[in-house]
Amino acid sequence: MLVDTALGEDIGHGDVTRFAVPDDSRSYYEIEAQADGVVCGIGIALDLLTPLGDAEEDEFIEYKVVDGDTVLAGSIVLAGRLQTRELLRNERTALNFLMHLSGVASLTAQYVAKTEGTKAKILDTRKTLPGLRALQKYAVRCGGGVNHRMGLFDGILIKDNHVKAAGGAAQAVKALKGQAPHTMRVEIECTTVAQVDRAIGAGVDIILLDNMSMGEMKDAVGIGRTKVLFEASGGVSLDTVSDIAKTGVDFISVGSLTHSAASLPFHLEFR
Amino acid sequence: MLVDTALGEDIGHGDVTRFAVPDDSRSYYEIEAQADGVVCGIGIALDLLTPLGDAEEDEFIEYKVVDGDTVLAGSIVLAGRLQTRELLRNERTALNFLMHLSGVASLTAQYVAKTEGTKAKILDTRKTLPGLRALQKYAVRCGGGVNHRMGLFDGILIKDNHVKAAGGAAQAVKALKGQAPHTMRVEIECTTVAQVDRAIGAGVDIILLDNMSMGEMKDAVGIGRTKVLFEASGGVSLDTVSDIAKTGVDFISVGSLTHSAASLPFHLEFR
Amino acid sequence: MLVDTALGEDIGHGDVTRFAVPDDSRSYYEIEAQADGVVCGIGIALDLLTPLGDAEEDEFIEYKVVDGDTVLAGSIVLAGRLQTRELLRNERTALNFLMHLSGVASLTAQYVAKTEGTKAKILDTRKTLPGLRALQKYAVRCGGGVNHRMGLFDGILIKDNHVKAAGGAAQAVKALKGQAPHTMRVEIECTTVAQVDRAIGAGVDIILLDNMSMGEMKDAVGIGRTKVLFEASGGVSLDTVSDIAKTGVDFISVGSLTHSAASLPFHLEFR
Amino acid sequence: MLVDTALGEDIGHGDVTRFAVPDDSRSYYEIEAQADGVVCGIGIALDLLTPLGDAEEDEFIEYKVVDGDTVLAGSIVLAGRLQTRELLRNERTALNFLMHLSGVASLTAQYVAKTEGTKAKILDTRKTLPGLRALQKYAVRCGGGVNHRMGLFDGILIKDNHVKAAGGAAQAVKALKGQAPHTMRVEIECTTVAQVDRAIGAGVDIILLDNMSMGEMKDAVGIGRTKVLFEASGGVSLDTVSDIAKTGVDFISVGSLTHSAASLPFHLEFR
Amino acid sequence: MLVDTALGEDIGHGDVTRFAVPDDSRSYYEIEAQADGVVCGIGIALDLLTPLGDAEEDEFIEYKVVDGDTVLAGSIVLAGRLQTRELLRNERTALNFLMHLSGVASLTAQYVAKTEGTKAKILDTRKTLPGLRALQKYAVRCGGGVNHRMGLFDGILIKDNHVKAAGGAAQAVKALKGQAPHTMRVEIECTTVAQVDRAIGAGVDIILLDNMSMGEMKDAVGIGRTKVLFEASGGVSLDTVSDIAKTGVDFISVGSLTHSAASLPFHLEFR
Amino acid sequence: MLVDTALGEDIGHGDVTRFAVPDDSRSYYEIEAQADGVVCGIGIALDLLTPLGDAEEDEFIEYKVVDGDTVLAGSIVLAGRLQTRELLRNERTALNFLMHLSGVASLTAQYVAKTEGTKAKILDTRKTLPGLRALQKYAVRCGGGVNHRMGLFDGILIKDNHVKAAGGAAQAVKALKGQAPHTMRVEIECTTVAQVDRAIGAGVDIILLDNMSMGEMKDAVGIGRTKVLFEASGGVSLDTVSDIAKTGVDFISVGSLTHSAASLPFHLEFR
């Protein structure tokens, strides 16, 4: 669906430059990574560049890596032979998916690497780019991360604004436990250790530690470790994530994985 | 359409945390920029947060800036009062658009600032994120940039792969001039000054100087200034764009505007 | 969306019998319940029968009850005056929604009444009619029931077929706890008390007691009451639900609410 | 289309319980009828459970009956071997179609059986469930019934409300004969024998006898048998349908076939 | 829907010539008929050119005629004042509808005029332009014609190819009378008077006289006038239609109304 | 997409006359041109009449011509053998496309023939039938014509109304050159030679000569031949096009190609 939308954005009613190339021209090409990283989007590129059913016999496509593989700059990730006009029509769309999703996967992998040896898992957030949520969350998994809830509908998270509107955390938790789906755990955002203590008393299942200091996070984990799960959030960067992981939290959520990942560059070259 | 898609990704069949907040609660909120930059996406945020037709009388929405305005960290860009459940349902989607589009506009504005005093205009490319092309190109305009073609259908650009497949630049240009729409100019990518010279002889209208050195670009502009338009591309960064502009090119196209812009952070807070 | 689909099914390119009635005819009508029950679907009927913006001044619509209200046979639930051709075009679709959804709500209310005085709540299942899930689950709520998960995506339930394929309940639970969303509780289906005991040991949060005898259910609740939630399922009828509720289970799920509810009859009469 | 909608309702962005089962697990299953009845929906179940193009070699699907076949409780209607995760993802949707459509077909077959030996055919009505009209009408045919008009657009039926608004049956018939499509017959609803007499005089082609007594129906048929077709409607049940058929009417329409059919139970079991 | 499609075809991602006109320019315009004819499409033009909700106060739209009115060349049919860019964006689409639909209505009116004083009504056919059937049939009504069936689904017509495949007209009629909807009349195509005679014997309701001579048509009408309706078809032109009408047929169907109507020219001029 | 829409218009929920023909009947058919012309739409007819994957072995389809071929009345363009019910269901839709598109191609070919020996190419316009633009423009190419811009989005054309609203041609051109895409040429409509002279001075690339006399067109071409391209428009007919071509213009645009082409008749006959 999104692939069709993206193709449509680029092709519209047809490629006006196609006439530069003979109708029967076929070209051998390679897609090359131009930086080190983790690949994501090979399946979409395959979809877009696979020869059609009535293709000539010498057309083919071959992938050299699969989603989640680590590559070095200069690696060929995909190669093939295709009708040139078809190739030039779909190339940009394929590269746009590959570059963005590999960018997300690669950034995730950097965060995951920094937390090695701890139990902390790297989570994504709902801060995704419009229309790309499912694919970005897939890219996070390819990078070694774990998905948080998909949206408002499949997970409970009481945030500071909920608490304000409910007139207190206890009220918010109580209201939810009576009405929300019994199949879901209850997560609440806390900004102080005292709040954490009260939240545990109110019977929540997961606590999000928002913008706490390392010391506060350690204290929070200390009092709740056996009763709830802990998620750290806010102020997470490649510089701080390792220390946050060492506080003993179960999860660290990182918004920039999906809202600010630079693309991983790829290039399609005719040989 | 994309707004509906993005809302759907987030809300699905409904917000399960809504029960934390009384049904009749209303909240006053402000959206605050958390970094300096150029705003884009206010119209979409308005769409998502405007009180519905049957809203209570004390609900409202007020925007403090319009798309294209420069803001400082700490500025309020939008404020209002809304049913709390409605607010919490649409907040994230509104912020996701605002943060991404403002990120694109702000990065564009940085490039534009670096070229002040030259005639060079900053162009976007087809390296956009899937599904977001029209909005990203709008954000580029808000940041002071100019749009290149929307896609393959509304502009002619003969690239290196076309030339390879056509058996030479001259063949590619000739084929196109006979068959492509007479309403469009012909642009070709060149990597050497000699190619530029031959392209002008073949009657093209615009030349894309791809990955050339400053010296080569100056030479190219020197021989073609009165006959064609020049666009520089490749290796453009905030460090190099100013020097590139001084070579006399008419346009500088920058892929990272749309494929690698970090988001501009915004926060919605209940007061 | 579904309302448009349903209208389209009925109207197609237009009502060929409309010519029987003068173009400028207007009629006063009443919709009357023809049996006792709980109403659901008034909002959809309003949507379909509200006079359009450019209607004549003597047109109106007035609802006498809201969704969830109990009515007796002979009660008027909605009345109005409308262009006759418009009325005859939308009448059947409005009644089809009203009759089916009120049927679901009324059947739910009968189950809820039978469990009064116990803590057991009546749940729906995924055995819904194609395309009608969200509306049927809304009707269950109108009848006093509580919704189980919306679908496969927002709740975990390990059933007998999962256990068979996983090679045992313990394996299934273990695999899920490592990979499923941390925001969701884990529910498992058990058919014997011994299975219940082992499931509690494996750390599940909810146990579905499938087709157990009253005695077995009491035993299961006895050993797990303080550690997990219990849902009873299978063989539930209006005759048995009261006894099942008295075993101490937290929830009783009833597939027939949504797959076999007879419609509650309504009639639209011109006066 | 509806199959996709129904799948989407159930699966959303993915089955979160799938992790309970190994990715490479395959299962042999059988779908078993749990009550006697007429099957409808096998084709949809096949669509949903057929192994995909790139399936492993030991996967298969085999149907034991076709739509319209009568089965006994305990009969296997479909069996196969499939990737377990795929099977668990599509199972519920397949069963939901099969159970509802077989319910409609089975109820129809009961009515048809009661009219054996008469010329009366069992008709459905426009009292269908939203979004399901075409499928329900197909199920009626599988059960041995005959379809009435699909909707307002492909058949003429002047009902009591039309007559009231037109100022009389004669006026309604006259207006229609001048303006309605010449390719359609004109049917009118009558509640007394006197009305039937006048309707025949006005030149109608079909008469719907609404809520008449057996005696009245016989009288009506007596005076119109050679001139028009007769359809009986209202108060039709499995207890009364046989007597109604014996009055000599050509058709008996039964709303409950589509608005109140209980599902025919089926079960999918891994072996 | 079709209006949106047509607008989308023309506007795509935006009008690139709009910059020729100041953003705040407003223009007074008139749409003028450039030939005599019957107007159809005023409603669509209104839809496309009505000022938006937030329009300036001096914007307006005024229609001078309604669909079905006859106009002379030079007549103004619509006038208004609108934002110039908006006007230029929607103008062509509005005129394209108006010109085509008025062309169909005008051609229909010419045929209708030629049959004045006879009982013959002018019918359209299924020979419509793809996607335009409903609108073209509306235009036929505006021109004074009458619609034949909308498509294959709402009317029965046994054509020569049916007869060949069925092994004879009698077989085709018999099969249909047992299985087709009882609400529809049965029409059959005949090419000889002998066929007409046999068709009446077989119990059909309507006979299509295909490509018969005037004499044959008169004979056919002579033998069937009191028993069936007659439709003439084939070889109908403005030269022959009057004589055909005088044979006594009830309907004359004309394919060129919808497959070959020249547009009625209109012009939008700024004053 | 449009093919599906057109099929849907015709078939709706099913062909009610299909029962006239045995379910297992297969027929051999031929599609025959009934007039001389240029064929367009063979690909769509193939799509609609090709036997399905599970067709019987004796079914086939064979095309005798391809789009753009010239045929004489009586030529067979397509023949095949197909399930009769399938054939009768899709026949009309296939013929409707074939007749209209071949009508457009044939009319175009007549214009092209009249300009043989000149450099003038025949262009289409934006005066297309709603929903049919892409297909009609394809038909124009099949007839030997050349496409003008697809819509407002991919070509610049300053018309008389733009000039009025801009306050003069010079203002309009200037505004556009600063803001419109640099990849597009600028075309302007002129009605006098003096306007042509000024437009060339303003730096436009293409001039549309609107409703000029032969003499004026020659004069215009005389002064601009080496600097701009010329397009003639207005008052073009099969009688005048040859003389217009001889004035030396590069293009002649003809609205009637797409808004007033009569269909080329085809017939499908069972043999």
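So that you can tell them apart, the chains are marked A, B, C, D, E and F in the order they are listed, and the count of residues begins at 1 in each.
As a working rule, a residue touches a chain if its C-beta (ideal position, glycine included) is under 8 Å from a C-beta of that chain, and two chains touch if they have at least 3 such contacts.
This is a predicted model, so every value here is computed, not measured.
The chain with its CA mean position farthest from that of chain B is D. Comparing contact pairs by residue number, the interface of A-B is reproduced by E-F among E-F, B-F or D-E, since over half of the pairs coincide. Chain geometry summary: the mean Cα position of chain C and that of chain F are 54 Å apart. In this assembly, the C-alpha centroid of chain D lies 47 Å from the C-alpha centroid of chain F.
In chain F, the positions touching at least two other chains are 12-13, 16, 134, 150, 153-157, 181, 184. Within the complex, the chain D residues that touch chain C are 2-3, 5-6, 9-17, 19-22, 25, 27, 29, 84, 88-89, 92-93, 95-97, 99-100, 103, 126-135, 150-158, 160-162, 164-166, 172-173, 175-176, 178-181, 184, 256, 259-260, 262-263, 268-270.
Residue ranges on chain B touching chain F, taken from their complex, read 146-150, 153-157, 181-185, 187, 206, 229, 250-251.
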